[in-house]
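Chain nomenclature is as follows: A, B, C and D, assigned in order of appearance, with residue numbering initiated at 1 for each chain independently.
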């Protein structure tokens, strides 16, 4: 049985290298695209520098957001240029070449602020290269578990029950990892840890279903009955998986979706490599746990031989 | 460091700690799971050896 | 009700195995039982007695091997076969919130019996429960329940009757009544009885079967059995089966 | 054999109803439970402000009450079969397993609808007094209620058949049942909310929810029907 666990470890190492490679590839080959921009008052040398910006401010009180920026404030025919040093709802103070000028907000007819713009690298998007493969593997392994459950119901052979059970365990592991990485990404991208959004909700339900599968297994005494019930439940539960998978395409959802042909070559290649890597990792875990199952069986067998 | 550059970085880098944490969490989780599985398997392997040695002594075929 | 295939043997069991993984509840059980025989099945707990009866009554499918009851295969002819078998268990298998009559009428419907009221009245009479037929079975004593349970098992005039430890939990009086009822239908039926009670089982049987760990240890007609040897064999299996 | 199946089916449904009318166990426990839920709702809503519109939340509260009371009844109805091994006696009779399944589903559906028919007026009386309701669209509530109950009874019967054979039956059923019910609840609540709110704009929402629930019913009933034979014989 050593071979199975060796195989598992080789698959794990290979999967690790591939996923890591894909992840690095997205940074250094595909680069980090900009998503939106940030602004500063001063100017700094940076690859992300996009140039100066000039913007008209609609209301004088908004000048409070631009303390430190250059501003051009117009009052009845009079234009004052300078750096904003202080601003409140009622007044704004400019430093115009050493002279401090205070203007009532009510007198301001128009104001233009200027500074520098920098591209904002979309670090959050990088999660796509591991969060999505992990989530996909959780669906695939769930499908494998449902397949073996069906096989079990047809044949009643214990090996299929074991395979379904181990596949379900791998599903649970990957679901948990998807949840963990997903929650961190939602915080980064949406600013909240959790949102009751269709994809998240259905995925959460899927988590509960997989947990329920193990609750069910633990509460049935008879081994064959346990296997049958668990198989039936995993088939029923699997009906929710496609709902979760396709729901972002059915109901308006905040969750990002890959658009058809929307990936550039470096991104696509990295993504596919990451998927293959994760699949190998999933396979490794599956093999490892199957090996453990077989060992347990051998122990049981040896015990009955010794005691019988 | 240039104060403006510092400001740029502080504005630009808000997301990456979370992404890095997610990546780290992923591998820590996987490794912990695999580590426990391997440890359990080691224990089981020892038990198998003991039992099968006992079987061999008693001359019972498996 | 279906064509009756003429067959000398009521039960034909060939290499019957029922396994899940490495655990074998039945392991290559084979025997033939002639019609109108009374088979007592003995064995320690976990020997596979209940599994054997469940397979023979179509409640469980065998993993391999075949079993025929009255010529009907337990797998392929299961639905047809159920018309010809009855089960009396230590569990009454009756609804406590239905009256005695309603219980029997309900099962008569399940078997599709013609003129159910007539048949039910006849059986209630036979088990001497006609005066209690309007009472909920919830109020019945253990013995009365067992009698009603026998009436339920005989509703559809089965040819083979399975008894799963029918005496457990009965007081001596109820046991006598049960003996009487079995004796009354004894010659026209084939019986298969699971029992822990060696004396009782041997007294009634025409054939005896000892199971241990899912295998047949002994299968002999009553005449061929030397009681002392039989008891020793049984004791040996009980010792064996403790594991 | 079709007529025999019909006879068996009628006998099983009749038996469930006779037993229920005699003991009133399920109706009593489910009805009381749903009344108690109303009390809890009252407490939960007691701190809401004066501009709170109970119609916004009525659909969700109703289905919450239905889903929890239904589990109570489903458990009871299968415990009856299991109690003295009656299920075994049923399986011994020449009955096709789907007949058992559909008879139990119909029985459960009847009791469920009875309790729901009781709950809705009480709920309306306690929480929706003074709200302006569109009687025309409210008439659609029983429709979605029926469609939802079919799904609850179908999947619930299968799951309750499993859970009566587990240790800790009361705990296992909700754990299995509620996540599986999620898609149905989603559609049922949105359709019911549309029906309660009323107005011409709501009708589209109602029929989408209704279609979703009916789709769920069809898929899940077929799956449960297919799996029941294996479960009940185990």
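We take it that a residue touches a chain if its C-beta (ideal position, glycine included) is under 8 Å from a C-beta of that chain, and two chains touch if they have at least 3 such contacts.
Small disclaimer: the values here were computed from a predicted structure and weren't measured.
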- Going chain by chain, each one touching the next, work out the least steps from subunit A to subunit B. 1
- Identify the chain whose mean C-alpha position lies nearest to the mean of all protein C-alpha atoms shown. D
- Identify the chain pair joined by the greatest number of C-beta pairs in contact. A-B
- Message: Taking each chain's centre as the mean of its C-alpha atoms, which one ends up farthest from the centre of subunit C?
- Response: A
- For subunit B and subunit C, let me know how many angstrom lie between their CA-based centres, rounded off. 56
- Message: Can you work out the whole-Å distance between the CA centroids of subunit A and subunit D?
- Response: 37
- Note on the structure: subunit A and subunit C have mean C-alpha positions lying a whole-number Å distance apart equal to 61
- Geometric centre distance via CA averages, subunit D-subunit C, whole Å: 39
- Item | Where subunit B touches two or more other chains, by residue | none
- Indicate the residues of subunit A shared as contacts by at least two other chains. 224, 301
- Message: Please output the residue numbers of subunit D that touch at least 2 other chains, ranges allowed.
- Response: none
- Message: I'd like to see which chains touch which, written out pair by pair.
- Response: A-B, A-C, A-D, C-D
- Using the touch definition up top, name the residues of subunit A that touch subunit D in the complex. 153, 202, 205, 208-209, 211-212, 215-216, 219-222, 224-225, 228-229, 232-233, 235-237, 239-240, 243
- Message: For the complex, give me every residue of subunit C touching subunit A.
- Response: 20-23, 61, 63, 213, 243
- Message: Residue numbers of subunit C touching subunit D in their complex, please.
- Response: 57-60, 79-80, 82-83, 85-87, 89, 91-98, 102, 106-107, 109-112, 136, 152
- subunit C touches which residues of subunit A in the complex? 156, 158-159, 223-224, 227, 297, 300-301, 304, 307-308
- Using the touch definition up top, name the residues of subunit D that touch subunit C in the complex. 4, 7-8, 10-12, 15, 18-19, 22-23, 80, 83-86, 88-96, 233
